[in-house]
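Scrolling down, you'll hit the structures one after another.
You will see subunit A twice below: alongside subunit B first, and alongside subunit C after that.
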Partner chain A sequence: MRIKLEKRREPSLAMLVATPIASVLLTMLIGIVVFDLIGIKGFKAVVDIFLSPLLASYKWQDVALKAAPLVIIALGLSMGNRAQVWNIGAEGQYVIGALCSAGVGIAFGQTGGFFVVLLMIAAGVAGGGLWAAVPAWLRTRFNVNEILSSLMLTYISFQVLGYLVGGPWKDPNGRNFPATAPLADSQTLPVWPDSTVHLGVLIALILPFVFWVIMARSEFGYQVRVVGSSATAARHGGFDSKRTIWATLIIGGAMAGLAGAFEFTGVLHKIDLGFASGYGFTAIIVAFLGRLNPFGCLIAGIVLAVTYVGGQMAQTSVHIPNSTAGIFQAMMLFFILASDILVRYRIRVIPTAKAAGV
Partner chain B sequence: MASPARLELTGITKRFPGVLANDNVGFSVKPGEIHALLGENGAGKSTLVKMIYGIMQPDAGEIRWDGQRINVANPKAARKLGIGMVFQHFSLFEAMTVLENIALGMDAKIPARDLESRILAVMGQYGLKLEPHRIVSTLSVGERQRIEIVRALLLNPKLLIMDEPTSVLTPQEVEQLFTVLRKLAQEGCSILYISHKLHEIKALCDTATILRGGKLVDTCDPAVETSRSMAEKMIGSSLKDISRVAGRAFGATKLAVQALSLAADGPFGTALSDISFNVRAGELFGVAGVAGNGQNALLLALSGEATNADPASVTVDGVAVGHMQARARRGHGVASVPEERNGHAAVPIFTLADNAVLTARDRLGMVRAGLIDAKAARTYAGEVIEAFAVKATGPSAMAESLSGGNLQKYIMGREILQKPQVLVVSQPTWGVDAGAAAAIHQALVDLAATGSAIVVISQDLDELLSLCDTMAVINGGRLSRPMAVAEAKIDEIGLLMGGIHGEAAHAH
Partner chain C sequence: MGIDFIIAAIITVVGLTTPILLAGLGELVVEKSGVLNLGVEGMMLMGAISGFAVTVFTFNPWFGVLGAAAGGALASLLFAVLVLQLNSNQVATGLALTIFGTGLSSLMGLSFTGRIVVPFLSVFPDSLAKHEYLQLIFGYSPIVYFALIMVPLTTWFLKSTRAGLILRAVGENDLSAHSIGYSVIKVRYAAIAFGGAMAGIGGCYFSMVITPMWAEKMTAGRGWIALALVVFAGWRTGRLLAGAYFFGILMALELYAKASGFSFLPSQFWAAMPYAMTVVALSFISSRGTAGANAPACLGKPFLPST
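This part shows the complex of A and B:
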């Protein structure tokens, strides 16, 4: 018997949808087995991480709050990935976006209101975009790989954050903790009555439609897809690859900056050393699990948000560390990348030939 | 019965998903026979020889070698039997010497000194000129092919398979190759010669086996057949001649290229130097030349994919466009078809409709307010498919799902139906079957008749001679003086293709 990979004549739509679902299920299955083997109640842990947040309605707000930044960042990243632009530094762009937002807030002192909040959000978008413009410039001017430059800029952003919240922006009334002063109420994002769900969640629900129209219907989206498929064909069609690299990196950074500004103005209201919580990295998993499709990103963002919330729940229920959720997230990425080949190839099992000749 | 055939195939069948590549094919090759395997692209020639050389296994049928039934497991086993193969695309390392390249391809480890003396012996025996210590990147295509031939001959083959060996050679190099092959055959080596160039087969081969659609059509004697009768067997219908209006007059100059130079693209690219020519309205201008002499660079420089600092280096209808990129030049009526279909002229993983958007969106108004009019793209793709008889499931078929020839028809149609003022095409009928090639030629002639200027870059000299009004030869990035095709002499063109320019010959 031989196993052979055979190229499909056309990519399989069924596999495109089935492989992400299978990846999540496989992750759960492996999780149960491995945890049982090391003496932890595997089934309980997996149920807590993947299902409990969905079954407990009081956790839905948490899921929504965690899904919003993941979806927003993943939308930007998936656009870049379509153009073969690999921005790994969304975490840094998220941090810089939030810092720019905070800078505007501090500049206005206690003044708030609609326009100040709008300006704070805009500053977040601009900051994230500018931070991503650095790898764009390095890539188009010196051919520096954006995977490295964007990732390294993330660590620089952490240092910038540490300097600002521990120095110039430190809350004078904050018992010397390195953190900014809490935002005045007039500078925070509007919240749904009697909940913690802020305006950013609504925008995270709308943005997938916007990105879908751009990617599937607009000339710009077409350009992104052509550049990602073949730079030579793009040049033949009269599209500028460099401009596309600039645009997709800046849009990716801007989305991360937007998510950072939302997190700051809508959830945390201050920036401290723990502000960077890994959304920017997890969003890479969301983008791939969502198959770089805007609606896929929305669903995948919710799935990953569930594991975040579930990880916290499992901490108390089965006493496993919070980072367990990270292991599950990594497994999902592993399986989705490994099963990617099934979209374009099919597995054929060839029985051994009966008469093999001389 | 006389001695058994060197190679005998019976009932060979090979199936791929969706196609029957070989259907019950059988023929035999005698010792010392030069046997042609003839057929259009997609007829199943390559699949058949891949099974003889052990790259693939047949689904059914048997292969006999000197009367013995054999199972060729892999190319190494094939070489062990005495089967050598020279591929159409060479597998050589550009940065290594001839000797190193040959040594890397040998199954057995042979000390470099022994190998060198054996190479020299083989070359002496067959009159193959080659310098063992030259770096491959400095060699011409003909010389590179000789490396592959020497590599195959070192194994003392009893059967040599040659896959379209002359497509990259000048007429003089073809003659040299034929001398070598005839000598080999005299010594008893059988040769399986794959080609679709019929006059070569008439000149060289003893027998011809013709395939069409994976089936054996006929085994015939090329000396008795005419080129036309073999071509008709190949395509299964009668050939149409190009019809053109007699006594055409050319209009004003449409495309003017003046002292165009372009730096080489990468270490193995070719620079263009000081190219000048004019193409008038209604004129078909041919550019002949051996592959790799700057044809790609010329196409890019004309299409706008490579720009020039001097705007006046390329003018279209009097407008200097040399500095403009592809999109802006298209606005001035310049369309182009590059040689490489997949990933250059078309995006393989896009539908045909999406591929229509790639080059036709501006001229045919497929973009409104930044949004693509998908319906317009589908409609246009449908028109191209119908007008050029493209075999595809429809506008939503993936480009990569089409055969090479059908994709070429689609791409040619996509540009021609836009009615460009200037059309630059490279290898317009590469991989296209004879019937479709005639249709493409006719479409080019018809486009010229409407007053467009057309540049045809091709390695197929016959194509240029039958299609073009004027032609020039490109060699080493320089273009020869243009000559009227009616007055052109094959010998002179051959010498120009080999790099012997009129001026250079006088200077020395």
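This part shows the complex of A and C:
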């Protein structure tokens, strides 16, 4: 008997849906076993990380607030990944977006209101998009690998942030602490009454539909998919792959910038050295776990947000470090990547032919 | 500016350079075999905690370094299985390895926080190692000399040995190498494990020499610099050494700018320089096309033989 891999003509839809779910379940199962082995109550840790945030209604707000930036960024990234464009610098685009938003806010002083907030959000989108346009330019003009350039720009963005909040934009009343002054109430994003849930959460719920329409129903979406499947096919079809690179990188950056602006105007209201909290990197997991599908990203974003919130809860209840959530997130990604092969290939077990006449 | 200052500055630069040189050399070999492993940061952290833990238990830093190499290599094998056996996406798998290594090292390090080991310093007698001037040659941790020896060794291996030739062939054209009868998968396993071990040793430089204690995320993004360094060097070992020292000098400038408030430019400017220079160098290298870039042709692509 031997096992043979047979390439499927079409990716298996059943596997596309089943493997992310299986990945999450397997991660939980292995988490229980491994944590027990190293002397931590595994069952309790897994329940805390994966389920408690869902069962405790007072945690739903936290989950929503964490899910919103993950979903928004992942939507943009998954569009790029579809075109084989690997923007891993969303974290930097998120930071620059928030900084641009803060710059507009500072320029308006204490003036606020609908248009100022709108302008701040728009600045975030533009800033993130522009930051991502740099790798796009480098890739199309000099053939620079966008993985490396977007990542390098992320580290540069951290220094830009450090310079601005520690220098020109430092809060004069902030006891010399490197952070911007807290936003005036009139410059913050509207929130749902009696909650912390801001407008960005609603937009994170709407955007998957927008992206689905673009990807599944528009010519641009078709172009992205063709360019991603094969550069040669794209050329024959008359598609300009350079345009796709520009568009997908800028859209990815704009989404990350939007998320940064939302986080700034809706949640934190100021920018300090800890502003970059890894959403841009985690969103890459979200995009893969969501199978680069807009609705998949929505669900995966919520799952990852649950592990974030749950990780914090587990920190106090079972005394495991916050980074444990990172182990689970990485395990989910490992499983989903490992199971990719089931989507593209069929596993055939071929029985060994019995030797005749024996 | 006194002579003491210059000596102190050189020692600082060597210290900052060694981890990225080690991790960069490892990654260079990995990439030469056609694999892009973005998990360097995670492997460095695994090395940092493994090396520290082994030193705590054995009281022997030499075992610690071996432990660090083993920790980094084990972490890299996780990546290798996914990428080589299951053909998973290398970019995403490498990222997952970094996230995993960061988390796992924090968890493993819980019981080691606050503990201190004897720093793994020079093995030369104090008359040399602490000498006013001779310390420039003899005053370093054995890991520093190891890193420096590994540069010509790696060059020799890649250029002049049969195994190195096969490794490069696998990275340039995996299908041809496969059809001649070389095992692409085995070669890549070995390269990835070597990269993991080197990153692990680079990581333990932080926990065993610089501080010498364990702290979460103590490699502070140097794994990413090492990745940039490989590209900056155009996949050449000699340039990697030069590039590592160039980056080391930039990092030292950042430290001095911070410490002395030496202020015609903000310290963040120097901190951003290695990354900015990498982007500029990348543009120069890449615009000459893949041949001029010296980049392995199969870098980052899955190996899919038809049979």
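The rule we apply is simple: the second predicted complex is superposed on the first by the 354 of 358 C-alpha atoms of A that agree within 3 Å, B and C clash if a C-alpha of one lies under 4 Å from a C-alpha of the other, contacts with A are read in each partner's own complex, and residues count from 1 in each chain.
The rule is short, and it goes like this: a residue touches a chain if its C-beta (ideal position, glycine included) is under 8 Å from a C-beta of that chain, and two chains touch if they have at least 3 such contacts.
Since we're looking at a predicted model, the values are computed, not measured.
K.L.:
Regarding the shared-chain residue A:175, is it in contact with subunit B (first), subunit C (second), both, or neither?
P.N.:
neither
K.L.:
So, A:325: does it touch subunit B (first), subunit C (second), both, or neither?
P.N.:
Touch status of A:325: second partner only.
K.L.:
Based on the superposed arrangement, let me know which partner A:138 touches: subunit B (first), subunit C (second), both, or neither?
P.N.:
After superposition on chain A, A:138 lies in contact with subunit C alone.
K.L.:
Could you let me know whether more residues of subunit A are touched by subunit B or by subunit C?
P.N.:
Between subunit B and subunit C, C touches the greater number of residues in subunit A.
K.L.:
Touching A:338 in the superposition: subunit B (first), subunit C (second), both, neither?
P.N.:
In the superposed model, A:338 contacts subunit C only, not subunit B.
K.L.:
Under the definition above, what is the set of subunit A residues touching subunit C in their complex?
P.N.:
Contacts found on subunit A: 38, 86, 88, 138, 141-145, 147-149, 151-153, 155-156, 159-160, 162-163, 166-167, 281, 284-285, 288, 320-321, 323-331, 333-334, 337-338, 340-341.
K.L.:
State the interface residues of subunit A toward subunit B in the complex, per the touch definition above.
P.N.:
Interface residues on the subunit A side: 6, 9-11, 213, 217-220, 222, 225-226, 229-230, 232-233, 235-240, 356-358.
K.L.:
Enumerate the contact residues on subunit C facing subunit A in the complex.
P.N.:
Going through subunit C, the ones touching subunit A are 36, 38, 78, 82, 86-89, 91-93, 95-97, 99-100, 102-104, 106-107, 110, 216, 221, 224, 227-228, 231, 266, 268-269, 271-272, 275-276, 278-279, 282-284, 286-287, 289.
K.L.:
In the complex, go through subunit B and note every residue touching subunit A.
P.N.:
17-18, 62, 68-71, 303-305, 325-328, 330, 336, 338, 340, 343-350, 354, 357-359, 361-362, 367, 370-372, 374, 398, 401
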